[in-house]
Amino acid sequence: MNDITPTRRNAPAAGRLLAHYRTMAHIRAFENAAERLYNEKRIPGFVHLSTGQEAIPAGVCANLAPGDQITSTHRGHGHTIAKGGDIGAMMLELFGRAGGYCRGKGGSMHIADFSIGMLGANGVVAAGMPIAVGAAHAAKLLGRNTVVACFFGDGAVNRGPFLESLNWAAVYKLPVLFVCEDNRWAATTPTATMTAGPGIAARAEALGLRTASCDGNDVAAVDDLAGELVRTVRGGAGPLFMIARTYRWSGHTSADAGAYRNPDEVARAKADDPLARTRAQLAELGIADADLDAAVAAAEAEIAAAIANAEHAPAPRLEDALREVQDVGAPDFARGARP
Amino acid sequence: MTMMSVVEASRRALAEEMRRDATVWALGEDLGRGGVFQQYKGLQAEFGPARVLDTPISEAAIMGAAVGAAMCGTRPVVETRYLDFTLCAADELVNQAAKARYMFGGQARVPLVVRQPTGLWMNCAAQHSQSLEAWWAHMPGLVVLVPATPADSYAMMKAAIRCDDPVILLEHKELWGITGEVEEGEPDARLGKSRLCRRGRDVTIVSWSLTVQTCLDAAATLARDGIEAEVIDLRCIWPWDQEAIIASAEKTKRLLVVHEAVLTAGFGAEIAATVAEATGARVKRLGSPRIPVPFSPALEAAFRRTPEEIIAAARMLVA
Amino acid sequence: MNDITPTRRNAPAAGRLLAHYRTMAHIRAFENAAERLYNEKRIPGFVHLSTGQEAIPAGVCANLAPGDQITSTHRGHGHTIAKGGDIGAMMLELFGRAGGYCRGKGGSMHIADFSIGMLGANGVVAAGMPIAVGAAHAAKLLGRNTVVACFFGDGAVNRGPFLESLNWAAVYKLPVLFVCEDNRWAATTPTATMTAGPGIAARAEALGLRTASCDGNDVAAVDDLAGELVRTVRGGAGPLFMIARTYRWSGHTSADAGAYRNPDEVARAKADDPLARTRAQLAELGIADADLDAAVAAAEAEIAAAIANAEHAPAPRLEDALREVQDVGAPDFARGARP
Amino acid sequence: MTMMSVVEASRRALAEEMRRDATVWALGEDLGRGGVFQQYKGLQAEFGPARVLDTPISEAAIMGAAVGAAMCGTRPVVETRYLDFTLCAADELVNQAAKARYMFGGQARVPLVVRQPTGLWMNCAAQHSQSLEAWWAHMPGLVVLVPATPADSYAMMKAAIRCDDPVILLEHKELWGITGEVEEGEPDARLGKSRLCRRGRDVTIVSWSLTVQTCLDAAATLARDGIEAEVIDLRCIWPWDQEAIIASAEKTKRLLVVHEAVLTAGFGAEIAATVAEATGARVKRLGSPRIPVPFSPALEAAFRRTPEEIIAAARMLVA
C-alpha cells in the first residue's frame, strides 16, 4: 500500500540527532508548561497539547528550508517550534498579551508566524489543507522553488476538504508534502471506528498521491522519510503523502483528562517516548548524558523565561480590538459597542 | 417545578422526547462521551449507539444525512459542536434543509433540529465564538430559537423536536451552567412569543440569550435613578414577537435592542427597523463592533455587552 | 480494481428487455420534447438533458422495489421516469404550472416524487449523496428493508461530500447503491483532466466500498449488474458502488451547444445509441420492428399529451408563493413584498 | 468614455489588471470556455491556463486554495459560478479568508476577490438565485460591493483586485447585458461612496444592483404626480455611505430602502435602523417575502421589486 520505500541512512549522524533532540525537548517543555499554566488558570482559553508527538514536527521541519512553509492544526505548538518559531512570542500569545504572535487576537489555536512560513494553526479540522495547497499553488505561479508541508490529524481524513485538497494538489502537481499525524484518536473517538476502508494511505493513493509511512515516534525515521519526500517534492514530482504513527499522551484539550482511553494503551504509548528513544540512540552514539540533560535544562529555562516575561507583559488595549480587521471599511466603536 | 441547569434541562427534554418518540435520534461527534458540554451525558447508555450516534468528523455528511433521514420518517437532532462548524455544512443546511419542502412543492418535510452552541465562552476566539442568528433569520424555511433560561431550554428543545420544519437552536455556551425553575412534562414553548421579564414605562429593552440578564442588571440600576425599563426576552428570532415589541415600544416610545452578535446587519437591525416603520418610537441598538471575536480577555471585552453601556444608551434615549 | 464480477445472464429475457426499451423510449421522447420546448421558448428556465444516458436509470430502477428510493442530480428527468414517475406532473412542472410535481416551485432542477421514493433532483453537484445516505440511515433506524440508489455524475467525485457520504455509508453499513453515471464530461470540462489518481472506482474502494462497472449504454448489462448489487445491498452487505460508462449527447444545459467537444467524439457516442442497441437485441430475440415502433409512438404520444395538457394548464397564483415554506413562522406579504 | 456592457466592462477590467500585475489570476470551473456568462471569454487564450485556471468541482478547495495563495503573494479572483455555491465553501470564506488577518494579528493579508453571480435570472429557482449581501455585511473582514452599472463593474473590479482584504463582488445576473458609458484606465471606484442618481426633496429611495433602475422608473412616475424622489445607488454594502444616506434622509425626512433580497434581516434593515437612530425621518423597506426563490415566473414575481410597489410605498411615506 505504501509505495515509497525510503533509503534508510545507516546510522543517524549524532549532530543531526542532537538537534532533533533539542527541538523535541523544547516542544516537550513548552507543552508541559502550557498544561501547567492551564491547570493553574494562568492563561485564558484551552490548549491542545502535542506531548508524545514531538518527533514528527522535529523530523519533518528539519528538512524544510527557511523559505518553505507549513500549515498546522489546532495542535500547533510543536509545528511552530520545529519550524523555528519564537517561543517567547508564542508564550505571550498563550497569555493573550499585546506582544504575542497575534497581538493577543488568536491564542493557542491561531498561532502563526508568517516570517518563518508558519501559515497558521487552525481551529477547524482539515481547514489547513486547502490553504497549504493554495500556498503551493502560489509558489508554482510565482516560480518559487519552495515546498509546503501540510500537517493534519487522522481525524481530518473524513472531511471533504481532505479529498478536494489532495485531488487539487495532484491535478496541478503542486509542491506539497501532506503529513498525517496519526495518533489514532480524534477528540474522544478512536479514529478507526469512524474511518471506513483499507486506511489512510489507500485514500491518498486513490487520489493520485504516492504515500509512505513511518514510526512517528522515531525522529530519525521521520527525518529520513521526510528528507526523501521533501527532496522529491522539491524536484517537481508533485505532492506526496506521509503518515507518521504516534500517540497523543494527553487528553484532547487541556480540559480533557482522556479518561475514555484504556490506561494500558496510554501507558504503552508513554513507554514509547520519542524523547527517551532519541536519548537512547544518542547515548549509543556516544553523547554524554550530561549534554542531554543540559539540552533539556536549556529548553526548560527558555520556556521559564518566556513565562516570566509573558506573565506580566502588557495586555492589548481594548481599542486594539478594532485593528487589523480590514483597511476599507475598518470598524469603529461608534458603530458598535462602547469606545 | 424543579430547579435545574440549562445543560440538565436540555438533556432531560431530549431524553424525554426520545422516550416518547422512537423516531427521534441525535447525531454528532463524540456524543457517546456526552458531547463537549456534557449535554448528551448518559443518553447513549439509555438509548444505544444507534440513536445517540457518534459520527466521523464529516460536517457535510452529518447535516446532509440528517436532511435525508428527516425527509424519510425520522427526527434527527444534529449536534454541530460549535455553531462555527455549521459553516462546513452550509450548503446542506441552507440549500437543502431549509429549501427542500418549498422546492418540492410541499412533498418533503424536514423535521430537523440543529443545535448550535453559540457565542463567547472560555476565550475560544474567532472560529469558536460566533453568533449568527441574523443569518438564519434571513434564511426562509428556518425556525430560529434563542433560549435564555433552563425553562426555555427545556420547552424549546421539545418544541423544536416536534416541529415539522428545520429548527436552529442557538444554545449560548455561557448559559449551560445557569440554573432556574423548569416546568417539566408538556410545557407550552409558545414559539414566536416573547417573555416580559420586567415591566416598565420609560424605555423598552429587547434582548435574547446571554444578554437578557445583562439588560436586567442594567434595568435594576436604571430604576434607582427613576428610569423604569421594560425588559423583554425575545426568545425566538424567527418567528419573532413583533406584536409585543411594537406594543411595548408604542407605550414607552423608546426601543433599545441589545445583542452579543456583530451590530452591523445583526438581528437588532430588523427589530429596530420594524419598530421604526410601525411606530414613532426612538430606536437604538447595541451590538459588537464589526470584528472577528478576539482571544485575549482584554480584547474580547469588545464583544461583551455591559450594564454600563446599556444604562448609557437607555439614558440617552430617555433624555 | 473492480472487485465485483456480476453473474451475467445468458440471454436477456425479451419481456424484461422490452420493458427497458419502453422506459428508455419514454426518457428519450421526454428529453427530445424538453429540448424542443426550451428552444421554442415555451418553458421557463433551463433543462439538463440525459439523452444518450437512458439505459442507466432504466436498468438500475428496474431492480428497485416501489418502497426503494433514489436521489438524483441536476439531470433528473430520466431517473424520475425510470422510477415510475408521472410524466404529466413532470411536464407541468417544466412549464411552471400549479399542477406540477412541485406546484411550479421547483422546475426541472428540483423534480421530485416522494410518493414513489424519488427524493429529488438537486441543483448542487453531489448534494444528493449525503441525502441518499441519510435516507438509508433512516431505513436502518426504522428497520425497513429498503434500498437507496444514489445517482451522481463523474464530476461529483471531486466534491468533499463524495468522500463524506461514502465513508458514512460504509461506517454504518447502510443500504445504498451508489451509481456513478460516468459520461466523461462535467459541464464544459473533460472530467479526466480534473480528476487525479487511478480512477473513480479506486476512490470508492479506498473508502471501503466494493465496486463494479459496466457499459452504461447496454441496458441489459446495467440491469444485470444493478440487479446483483441491489440484491447484495438489500441482503445487508452495506453500500456498494457501480460505475456505468456513458456519454451526454447534448450540451451541459439546453442553452449549451456543446461546441467544445470533438464532433467525432459526439458522433461516435451517438452511434453507440442505447436505444438502437436494445432494439437490435430485441430484434434478435424475435421482437417485431412494428412492436418497437409502437412502443416509441406510444411514448411520444404520451409526451405530446403531457405537453398539450401542460401548455394551457393554470399557472400558480402569486399568493401560492407563500405556501409550503414552514408552519411556524410562515411568511406573509405584509412583511415582505406586495400582496 | 466607451459604451459597453457589464460583462464586457468586468472582463476588460480583469484583463487589464492581469496585464498590469502578474500576481493576479482567476480560478473556477469552466473558465477556459469563458465561464457561465462569458465573463472570462478570451482570457485563457491571452493569459494561459495557469492564470485562468479551470478547476475541479471542488468549491471548498477553490476557495481554500485561493485563501492560501492570497496569503502567499498572489491575488486570486475566485469565480463561484452562482453565489449559491459559495455555501459549499462557507468555512473557507468566513472562518478562514475573512478572519485570517485578524486572528493572526495582522501577519496575514488575504487579497482575494470572490465573484458571486447573484439574484434572479432565467428562472433558476431556489438554489441558483439567492441574494446574500446581508450575510456578508454581517461578517467582519469582508468588503462587499454591489455594482449596478458597467462603469461600476469596471471600476469596482479593479478596486477589488487591488484591495488587500477579501472582497465579495456581487454581480447581478440580469445586469450582465445592460450597457453604459465606462471611463477606462484608472478610475476611482470610491469604495464606500454612493451615487446620487436623481435629486429630489420629498423622499429618499436607496437601492443597489438590479433594483436601482426599478427605483428610477418609479421616481419618474412619482415626479408626474409632483413627488420628487431622491434616488441613491448605494454601490457598496460594506462599507456603506452612511453619511450621504443620513444627509439625504434628513433633507427629505423620508427613507425608502428597496432590495431584491429577502426583507427579513436584509441589509435594508441595517440602513433603516441606522437612519432611524440618527434622524427623525420616517423609514420603510421593501424586499422579498421570506420564501425560497420559486421557479415559475408567476411565483418568482414575489421576488421582483416593481415600480408600482415602490410608488405605493413612497406615496405612503409622503402622505
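As written, the chains take the letters A, B, C and D, and residue 1 is the first residue of each chain.
Just so it is clear, a residue touches a chain if its C-beta (ideal position, glycine included) is under 8 Å from a C-beta of that chain, and two chains touch if they have at least 3 such contacts.
Keep in mind it's a predicted model, so treat the numbers as computed, not measured.
Colleague: Quick one: which chains contact chain C and chain D both?
Modeller: Joint contacts, listed by label: A, B.
Colleague: Measuring centre to centre with C-alpha atoms, which chain is farthest from chain A?
Modeller: C
Colleague: Where the CA atoms of chain B average out and where those of chain C average out, how many Å apart are those spots?
Modeller: It comes to 39 Å between the two C-alpha centres.
Colleague: How far is the middle of chain B from the middle of chain D, if each middle is the mean of its Cα atoms, in Å?
Modeller: Inter-chain centre distance comes to 30 Å.
Colleague: Provide the C-alpha centroid distance between chain A and chain B, rounded to the nearest whole angstrom.
Modeller: Whole-Å distance between the two chain centres: 36.
Colleague: Between chain A and chain C, what is the separation of their C-alpha centroids in Å?
Modeller: Taking the average C-alpha coordinate of chain A and of chain C, the gap between them is 45 Å.
Colleague: By the touch rule stated above, which residues of chain C touch at least two different other chains?
Modeller: 102, 104-106, 110, 122-124, 158-161, 164, 167, 171, 193-195, 325, 329, 331
Colleague: Among the residues of chain B, which are close enough to touch at least two other chains?
Modeller: Each of 55-56, 58, 60, 84-85, 88, 91, 95, 102-103, 125-127, 140-141, 238, 262, 264, 289-292, 294 in chain B touches at least two other chains.
Colleague: Which residues of chain B touch chain D in the complex?
Modeller: 84-85, 87-88, 90-91, 94-95, 98-99, 102-103, 125-127, 132, 134-135, 137-141, 238, 261-262, 264-270, 272-274, 276-277, 283-285, 289-292, 294
Colleague: Taking the touch rule as given, give the residues of chain A at its contact with chain C in the complex, in rising order.
Modeller: The touching residues are 158-164, 166-167, 170-171, 193-198, 202-203, 205-209.
Colleague: Please name which positions on chain B make contact with chain C in the complex.
Modeller: By the definition above, chain B touches chain C via 23, 25, 50-51, 55-56, 58, 60-61, 63-74, 76, 91-92, 95-96, 100-108, 140-143, 163-165, 191-192, 238-239.
Colleague: Could you pull out which chain A residues touch chain B in their complex?
Modeller: Counting only chain A, the residues touching chain B are 44-46, 93, 96-97, 102, 104-107, 109-110, 122-126, 155-156, 158-160, 186-189, 193-195, 260, 315-318, 320-322, 325, 329, 331-333, 335-338.
Colleague: Quick one: in the complex, what on chain C touches chain B?
Modeller: Touch list, chain C to chain B: 69, 71, 100-106, 110, 112-115, 119-120, 122-124, 127, 129-142, 160-161, 164-165, 167-168, 171, 323-329, 331.
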